[in-house]
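First, the structure itself, so that you have it in front of you.
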Amino acid sequence: MILKQRKLLTIVSEVTIENRLLKDLERLGAKGYTVSAAHGKGPRDQRTGDLEGGNIRIETVVSNEVLEQILEVLEQNYFPHYACTTWVSQVEVVRDERY
Amino acid sequence: MALELAIQNLISPPVLAFALGLLAVLLKSDLRLPEAVYQGLSIYLLLGIGIKGGVALSESTAAEIALPLVGTLAIGLIVPVIAYLLLGGLTKLDGINKGAVAAHYGSTSLVTFTAALVLVESSGYTVEGYVTTLLAVLEIPGIVVGLLLASRALGRSVNWGEAIREVLTGKSILLLAGGLVLGYLTGTSGYERIEPFFGGLFTGVLTLFLLEMGIVAGRRLPDIKKAGFGLVAFGLFFPLISGTLGVAVGHLTGMGVGGAAVLGVLSASASYIAAPAAVRLALPEASPGIYLTASLGITFPFNLIFGIPLLLALSEVIEGMGF
Amino acid sequence: MALELAIQNLISPPVLAFALGLLAVLLKSDLRLPEAVYQGLSIYLLLGIGIKGGVALSESTAAEIALPLVGTLAIGLIVPVIAYLLLGGLTKLDGINKGAVAAHYGSTSLVTFTAALVLVESSGYTVEGYVTTLLAVLEIPGIVVGLLLASRALGRSVNWGEAIREVLTGKSILLLAGGLVLGYLTGTSGYERIEPFFGGLFTGVLTLFLLEMGIVAGRRLPDIKKAGFGLVAFGLFFPLISGTLGVAVGHLTGMGVGGAAVLGVLSASASYIAAPAAVRLALPEASPGIYLTASLGITFPFNLIFGIPLLLALSEVIEGMGF
Amino acid sequence: MALELAIQNLISPPVLAFALGLLAVLLKSDLRLPEAVYQGLSIYLLLGIGIKGGVALSESTAAEIALPLVGTLAIGLIVPVIAYLLLGGLTKLDGINKGAVAAHYGSTSLVTFTAALVLVESSGYTVEGYVTTLLAVLEIPGIVVGLLLASRALGRSVNWGEAIREVLTGKSILLLAGGLVLGYLTGTSGYERIEPFFGGLFTGVLTLFLLEMGIVAGRRLPDIKKAGFGLVAFGLFFPLISGTLGVAVGHLTGMGVGGAAVLGVLSASASYIAAPAAVRLALPEASPGIYLTASLGITFPFNLIFGIPLLLALSEVIEGMGF
Amino acid sequence: MILKQRKLLTIVSEVTIENRLLKDLERLGAKGYTVSAAHGKGPRDQRTGDLEGGNIRIETVVSNEVLEQILEVLEQNYFPHYACTTWVSQVEVVRDERY
Amino acid sequence: MILKQRKLLTIVSEVTIENRLLKDLERLGAKGYTVSAAHGKGPRDQRTGDLEGGNIRIETVVSNEVLEQILEVLEQNYFPHYACTTWVSQVEVVRDERY
């Protein structure tokens, strides 16, 4: 089976900005995403959402170009103010036209 | 009299459950209501409050409601301004954080309102049905004024659209307002069939809910130390000022002892759901550690334990003075 | 009379809550009942319906039940066939999708049934206890017939085992049938102790549940545009046909006004839980966008708002005709 | 008489729901209460039991309570020792696993207790309010004794701190003890307002809860085969021994028929929440497959179905003998 | 510490077919899996399960051979009809006999 | 954008020991972690927590040194007795001082 290379971007952030984040992801070219609920702790620890349910954990498989764009927007609009931990890993996908 | 009220309030199941929640945090227990249950109960409380308000509203006249409504709007516009100014004197917060805190105190808290209803009604007073309308009305303007005040200190314009949408379509307003309409339309006869659920269980559910609120507030306690004396002072005294204003407006606009006391509590309470969400979106620069500590860590417990009986006592005194 | 029923239905709390849910979607609010709460309420409703049916059943005789049972089975076998044929005339769907849709309309919807019970009983009619048995019985055969019809268009054989197991051990049948037995065994005296929970709260819980159903149905609305005129027409008119059939069978098999109306609603309603799961497993080729839009996006709201009072009115008319 | 009790117990809604849960597992259904709902209901039951106990306690005198309290403590210390010794005769378990199992049988089970309350009260007996205090008191010492017994076979010292903290600040003790204080302070008049929630719904909620317990216990059934004959025998007979001891202690310390029966059930039941958590932390070497299978898979269903009516009948007999 | 190479396969799919998928994984040689709840959006967006709780997210750590087999079955039986997004990443494990 | 290399350690374990595990992670130098709920099946299948909610799934992004330390403690104190499946993957992060 032929697998193609893509990037998996994982973002852990606060619930309050879920909608804004997902809209930005779509706008920047992500063709899909998966969201699950999470809680956690980090070096910053400045969040709202204690009452509304902790963190969200977003995963999106994207191309290198889209990844670049998303990371830039994250760096500009999210990192300075919001709880927003992200990491990138190399993944392989089967139907590459979907990502 | 005031003492009796204070005791009656202190030993009511909801307040005791709140204390139990605080205790659980102090004991480092990891007791928590599951997130989904908390959300479910909060939907139940909001919709239930709305429906009961709506049923009562269907028996009110526009004439009765007009003045209190105007008074409530005035409170929503004035309270955050006073808060902003006072914060300037008491704390060293910058304009953005002052505005953020003001937005919280300009808005209001459902649970504090509900606990007030329980105490006021169990003290034998009736409460005007339209107070739920006032609750819904008071939720928004204070947030807007607070954001406006903050925006003066901001190097950029506020994204009003998203913030206002967040409040208007957030579950608080939607369920309260939706419940009001639902209750109004279905009326007493329709309500009868759902009374065992939305009426009979109410205080019990509130008790469970306050257990969780105690835990959440308790987790904020360590932040109080970091908050500085000025913010703590603000969180404790400001409710007395805004609460007194609310009680006075209540009496001036023709509300009874119970209703005026509840309006006082509405005015005294600070939002910790709708306001934080809106402020977080519109003012990312403001620190949740400040505004949530003040509203949820300091003012909420204060009102629940002391503020509500005090404001009811005040309302009785004013009534006694012949207003 | 029919108008009065329609209004009484429209301003009942459950239907108003459904409308509020639709409204929430239109306002782009992200209000939702947490998944876990939705699941919990749905277990409560299924088990409660089952138990109450079982208690009532313990006072029915086999003779009473035999005819309605046979009638219900007949409905389950005939309705999907009519649906399949009608879909051939109204739409351009292929055989697989026609069979899939037919499976949904051959089966039935718990919530629609429940809302019918609320209206019928609040209109002063009694409903035979064994209707819950009919509900459980009607759930399955329609799905089987629908799958059979689809399988003719399929290049392969259907994996019946998995599909049937899914329906039989799915929570709908298990809780309904289990509740029936539980209620039957525990009887009136055992039920007394759980009545405040399963009885008293029922309409209130249903109200909360329909809020969520409104949201879920509302999210299907955009799909209706894509669905094409034929499918919309089918979703609106077919319930009248299958509903009339159900009411008629009810009267012919000796049921009262209330029971016949409820059997009509059972027949008119389309499944959106058991059938989609079974169809998804057995007929992956069929498009959920078609069958869920029809059953959940079109027929469910239609029945809730118009179908139920119409079928009750029809049942009254037939009764008046002296059957 | 005993037979009548047995039947009355068997056809009570909670026990039937438990059976339905077992059946669901046998049918390979994936029915489950969502985790969050299960947690929410369990908080409700614990807090409710605590509160009701506290209200009743506010009407008890210290003199009444002293003896039963001492008796209960004695049970907590003795039962795990007997269990440990008996396990040595019946099974080939090593010291660590014997200690782990003993810890479970020395502690107690809230749900078994609750089901006993339901049967005893529906049989017309009153139960002393302070039994909830006994429940809370019995939860801990047995675990400590069990761990002590196991630690003798252990090559290292037990981390007592973490294990004890886990039990003390775990939700069982916190909610039970917290509820007791809450109920005690709020008294009958405060309780009145939350009675529809914590009182009226209790048996219904328990029914739903036992459905889930049936599923959880059912999933343990395959492990029973692996458990070996000795462990099964222990799980079935030991409750009779410890239960008889409990009933006897109840009568000797002046409790009534109902209270002594409930103390018997407390003594007979094995923990499956507090004890497993503590044992898992303090004795990782012990196998959950052994202690959970015994307490949850064997003894819990046995007590629910046979143990409770048997111990109530025994208590009646002892009373009849003029103690 | 000596770490061995394995593949982590992540599958996001619809709730309705959870059981069937997990059975297939076991049958094809996966020695374990972890499932969590999720919701999301994708290019296909044709699912049931809206009512029954969104998506599931399955992770299974497997050998290269087992991965091949699973991907083939996914491609044949799942990709054509079901919401089923998958990606593969390279991971390292400690006790390699478990995977 | 300059991305730095880190390790992502994923641990699936039983709910009962969540607190102990998280304390150990912090003690050993992890600066943050994300926890989500999960259920699953594995070759060992000896857990408590059936009643208290299945498994937890912990993710922590750490440096190579911290990873080594954590793996050692896991191997000593957790692997022998507890359900504790772990895997490690290579990830890239933006603000490397946070991990």
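Labels for the chains are A, B, C, D, E and F, by order of writing; each one numbers its residues from 1.
Note that a contact is a pair of C-beta atoms (placed from the backbone, for glycine too) under 8 Å apart; a residue touches a chain by one contact, two chains touch by 3 or more.
Everything quoted here is computed from the prediction, not taken from an experiment.
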Give me the step distance from chain B to chain E, shortest route via touching chains only. 2
Decide which interface, B-C or E-F, involves more C-beta pairs in contact, and give its chain pair. B-C
Same residues or different residues where chain A meets chain F? The copies count as same if more than half of the interface numbers are shared. different
Quick one: report the Å distance separating chain B from chain D, using the average Cα coordinate of each chain. 41
For chain A versus chain B, what separation do you get between their C-alpha means, in angstrom? 34
Multi-chain contacts in chain C, i.e. residues touching at least two other chains, fall at 30, 34-37, 39-40, 196, 200-201
Set of chain A residues in contact with two or more other chains: 36-37, 89-90
Run through the chains and report each pair that touches. A-B, A-E, A-F, B-C, B-D, C-D, C-E, D-F, E-F
Using the touch definition up top, name the residues of chain A that touch chain E in the complex. 1, 3, 6, 8, 22, 26, 31-37, 61, 89-95, 98
Would you tell me which residues of chain B are touching chain D in their complex? 11-13, 16-17, 20, 23-24, 27-31, 33-37, 40, 118, 122, 196, 200-201, 203-205, 207-208, 211
Interface residues, chain F side, partner chain E - complex: 12, 36-44, 55, 57, 68, 71-72, 74-75, 79, 85-90
Using the touch rule from the top, collect the residues of chain B that touch chain A in their complex. 35, 38-39, 162, 216, 219, 272-273, 276-277, 280-281, 284-285, 287-289, 292, 296
Quick check on the complex: what are the chain D residues that touch chain B? 34-37, 39-40, 43-44, 47, 51, 165, 168-171, 174-175, 178, 181-182, 185-187, 190-191, 193-198, 200-201
